[in-house]
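Got a structure for you, questions after.
Chain naming follows the written order as A, B, C and D, and within any one chain the residues start at number 1.
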């Protein structure tokens, strides 16, 4: 079935809620209004106000409530409208939820899901357009997945709800309205921790995440080289095996990231692969990222901020033909001086 | 003068407060009690309650107040007793302070300092022993420095206060009581963004941060190889030039980290250097980290959690002699199964 | 800070002139209309797809912005939210600077990189507005703290919504301000809704004002549709702040005529609620008052309305013709003394 | 969850037996003494350098823990802080399990990896205690939420300090619980200090109870030195919770005899304050009450005191002789279904 990503998410929530009465959802305006991004449309009507709850503007409060509820029998799914709002509630996710099982000797878990919309592309400006994956890095006990469209959103949200551990789902906001063929039902569920090879090639492995998966795929059109394109899908844990196997074959790794160059999510992957595949690499790992700037508001700058498929293609052209990295556009353009 | 790190910090605060009436300090029990870790002893007496303030238990409140105060004429230094407490206040640091200059077209800055104690070694358990550098990664506009003892603490705290940007100082708690020769005065100030070479050698570059600097140095005793040992000191921005120059010479990079293997602070450095020094590297970059577990409480486990100098030496022995990485101890010991 | 040196000291800036003009009652009314028509036009521009992103308009709440702006000094600081066009214009920012920002133009108040949610102007004390609910509340306490520490005769104001009173930063900010007796005024614009949720569904009190007791803080409930009532309440609170009496929580009862943001038609509102509030439109009320006081005639009022409509029409043309922020703008003002 | 299956269902666990024994007034007194002597010994162990890390003891506040434990059911949930030895023992955890945890022993309640600040026991409803001030408050609301959603007859309790009432999580948790009418009781142990700061220096109200009004929540101020008063107050609140009446804020006035944590001698306290509170020692008060009621004799009381001292002495020996958590313990219970 062809669905918009936001519909796929609503389907995933509904399917899990139908099968498991412990699943509840909560967040700001997710019930009566069907969600600020319409990812929970119809759920209040079907499941009622006991299981589908509008919350006060209290991210610490309702995320904390999800922790307590998860530990005592529910499977709460919390919506954080914009991922930045985790900045007022991070404690409950990384310092409480992720450590609950450990701090109870295994007796209490915190099987909750935090869904947050992330990323740029809709003109929400510096405080509502980041991806912020690294806030969750270095947190044993926590998982993080990032869908790249309707199909993976459906599969990952369902897997996240079934997981016994706290799982964050970072949903690229710009994709909510995009349509994709979705496999509904059990067979559509995507195991957390697995990537997916969307394109097979020989010269380079391109890894994307979220909205950069589409960019990566588009970049492989009409090129002199061919590429493995991997949708990472899970960032914590990520599919080390799949990426390393591919790189062992292609000898080159390119990460296409929606995050700053300094401290972006790709550092974990680049660092691991560069070590693990040290002798297989023909060229340095190339991180194609955003510049180290806050996300600018206006459409022409916001577009520029994100790596485009043309830019990715050019960067890979250089990498494949010279086995050297090209400079990023902001260095070549002298924007840092 | 030989000082404990906590005294060096108090000296740094006092020296800046004497020179600049705009500097104030605030935090929980930092005034009357001289600080939970005694890093502000004597300051209330010298500078009075207007500039040295005990706060309520309200990290969001007083960190936010520091942002507003910094934007309107003060240079606040905020103490976050344990870095984990940033989890209830991160918003004010990364979403407000770091973006204030950008979001005011340059008119308002947020020249504040957030000092937080970090790390393991004193038996504070899973919620009070992390280092959490990656919470601040991917935040253009923010700086982060980490002293490795009294001398660098003095120099970095003073530099942080003088900086026009928000700067976080993550102070390894276990070092507060350690003594070191400190250069007081202007010449003791350490420019943010610079590392320091503490030992010169030929076979490997070892980079440490905070309490792992001592570990790294100790690891170079009675070895068959010699090493450049770099105290990174600044993590955002870090001294790319110094590290790359060294690696270009030694051909090998080892990071000694107090953080989990997955998503630890070393990923940024490893990822950059592996790419930048691709053709100079004789061996894969080796990250010697903690395992992916919450920090355990009991002394024998907490010690085990952190890389010891013997372990670092053994790992480097293998690296230098084979140009291959050894497995981490928890893999060799079968602890993950 | 901008506005402290050079030319701006000699020739009074447009912002300061606009601010001062609020001394005149008719100008206040004029400014309210400016805000109203500006916001109406913003809604259209978004609806027409001419502006990118999101916006939160202020129709119905204008009396509050004016009451605040006419009372504060330009050296006082204001922290506001994403719903800040009205406050910004009232404080003295020009329509070019606000619309320029909303449309990503170089003339925008912060160079066009911020958009509708991020206005700021140091010359009239507007700190960067925050798109994080509650974010500005402790920041305002901090702006007051600097005044207290430096012994300056400034005060600070935080403007925020009813929904924001449920977030931790509200609680922490008010307690801190009370304990330290900071010269700050917390102004809650209770417009009955936080996004699409009516206050009663998310907030355990009807009057936000009740919450002042948790901080032993003086409080008032104010008719937010009356410029004078707001100004008087703010004046009392500011006077208390400047004289060392500490913070005040003011709750202005008001209503937003539009939906929460661009995409919202406000269909969740009970039938008749909007109509009830429209009967007490702040602009109409003030107009009637001015006419009764003999300060304004019906005819003059009509003329002013037309003039402002025209000004806004010209503004939109002017701004749309002005250059977009260029690529280098996204690299500026991130840090001082070298980037990361 | 642990304690639901297997042997534990057939033979009542030691924890449940200890819990049930609180039905007997003399056992309550016994348990208070156990807590007191346990904590005294903990202080010594740290002073002697036999224990690593930090600890926060409970002397002086014992009546609150007992009042709570004797009133709740073991199926109810409790969220507590780093100052939780007393609550844990009152709820039924064994001294071996608590001291074992404090000393990093495998017999510790979570296997020795948590230490003094991190106790938990699902068999008596104690959720992981949080070392983050306020962390447990919304979590307790959540434990109540699950009861409400699942239609279970449970309630939840959050225990926290006066200082915690200044943190955002308190505000958000109480508002949420009120709006959703959750079956939760918020119990503030107002022991006059948050770390080294007296309440008046950090908190804008004298009675935390006042803050209940911000959430339209019923509240009581309770004599925290009286087991019966605490139990009665908790019983009223729990009854309200279970019958759908929503949350309650209880403020128990009390005093901690020791410093904040191991390193603190409490020298910041005004002269005579401790002495004043010692006159109303909860254990002495309850002893007198039992004697007056003819349930206890002076002699029996003396014997019990001695017995407990001996029990504690043996406990320490036993725990010190028991095996430390082994290295594999640090890799357990992190996630289910494969680590990261």
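Rule of thumb we're sticking to: a contact is a pair of C-beta atoms (placed from the backbone, for glycine too) under 8 Å apart; a residue touches a chain by one contact, two chains touch by 3 or more.
Here the structure is a predicted model, which is why all the values come from computation and not from measurement.
Trainee: When I count C-beta pairs in contact, which pair ends up with more: A-C or A-D?
Mentor: A-D
Trainee: Taking each chain's centre as the mean of its CA atoms, which one is most distant from chain A?
Mentor: It is D.
Trainee: With chain centres defined as C-alpha means, what is the inter-centre distance between chain B and chain D in Å?
Mentor: Once rounded, the distance between the two centres reads 36 Å.
Trainee: I'd like to verify one number: the distance from the centre of chain A to the centre of chain D, where each centre is the average of its C-alpha atoms, in whole angstrom.
Mentor: Computed from C-alpha means, the inter-chain centre distance equals 40 Å.
Trainee: Just the number, please: Cα centre separation of chain C and chain D in whole Å.
Mentor: A distance of 47 Å separates the two centres.
Trainee: Among the residues of chain B, which are close enough to touch at least two other chains?
Mentor: 55-56, 58-61, 84-85, 87-88, 91-92, 95, 99, 102-103, 126-127, 140-141, 236-237, 262, 292-294
Trainee: Among the residues of chain D, pick out those that touch two or more other chains and give their numbers.
Mentor: Expected reply: 113-114, 118, 130, 132, 166-169, 171-172, 175, 179, 201-203, 334, 339-340.
Trainee: Tell me, which parts of chain C touch chain D in their complex?
Mentor: So the residues of chain C touching chain D come out as 166-172, 174-175, 178-179, 201-205, 210-211, 213-217.
Trainee: For a test of understanding, state which residues of chain C touch chain A in their complex under the given definition.
Mentor: Result: residues 52-54, 103-104, 112-118, 130-134, 163-164, 166-169, 194-197, 201-203, 268, 324-325, 327-331, 334, 339-340 of chain C touch chain A.
Trainee: Taking the touch rule as given, give the residues of chain D at its contact with chain A in the complex, in rising order.
Mentor: Against chain A, the touching part of chain D is residues 1-3, 77, 79, 109-111, 113-114, 118, 120-122, 127-130, 132, 135, 137-150, 152, 154, 156, 168-169, 171-173, 175-176, 179-180, 332-340.
Trainee: Quick one: which bits of chain A touch chain B in the complex? Just the residue numbers, please.
Mentor: 60, 84-85, 87-88, 90-91, 94-95, 99, 102-103, 126-127, 130, 132-141, 236-237, 259-260, 262-268, 270-272, 274-276, 278, 281, 283-287, 292-294, 325
Trainee: Any idea which chain A residues touch chain C in the complex?
Mentor: Contacts found on chain A: 28-29, 32-33, 36, 54-61, 84-85, 87-88, 122-128, 262, 291-294, 296-302, 304-305, 330, 333, 335-336.
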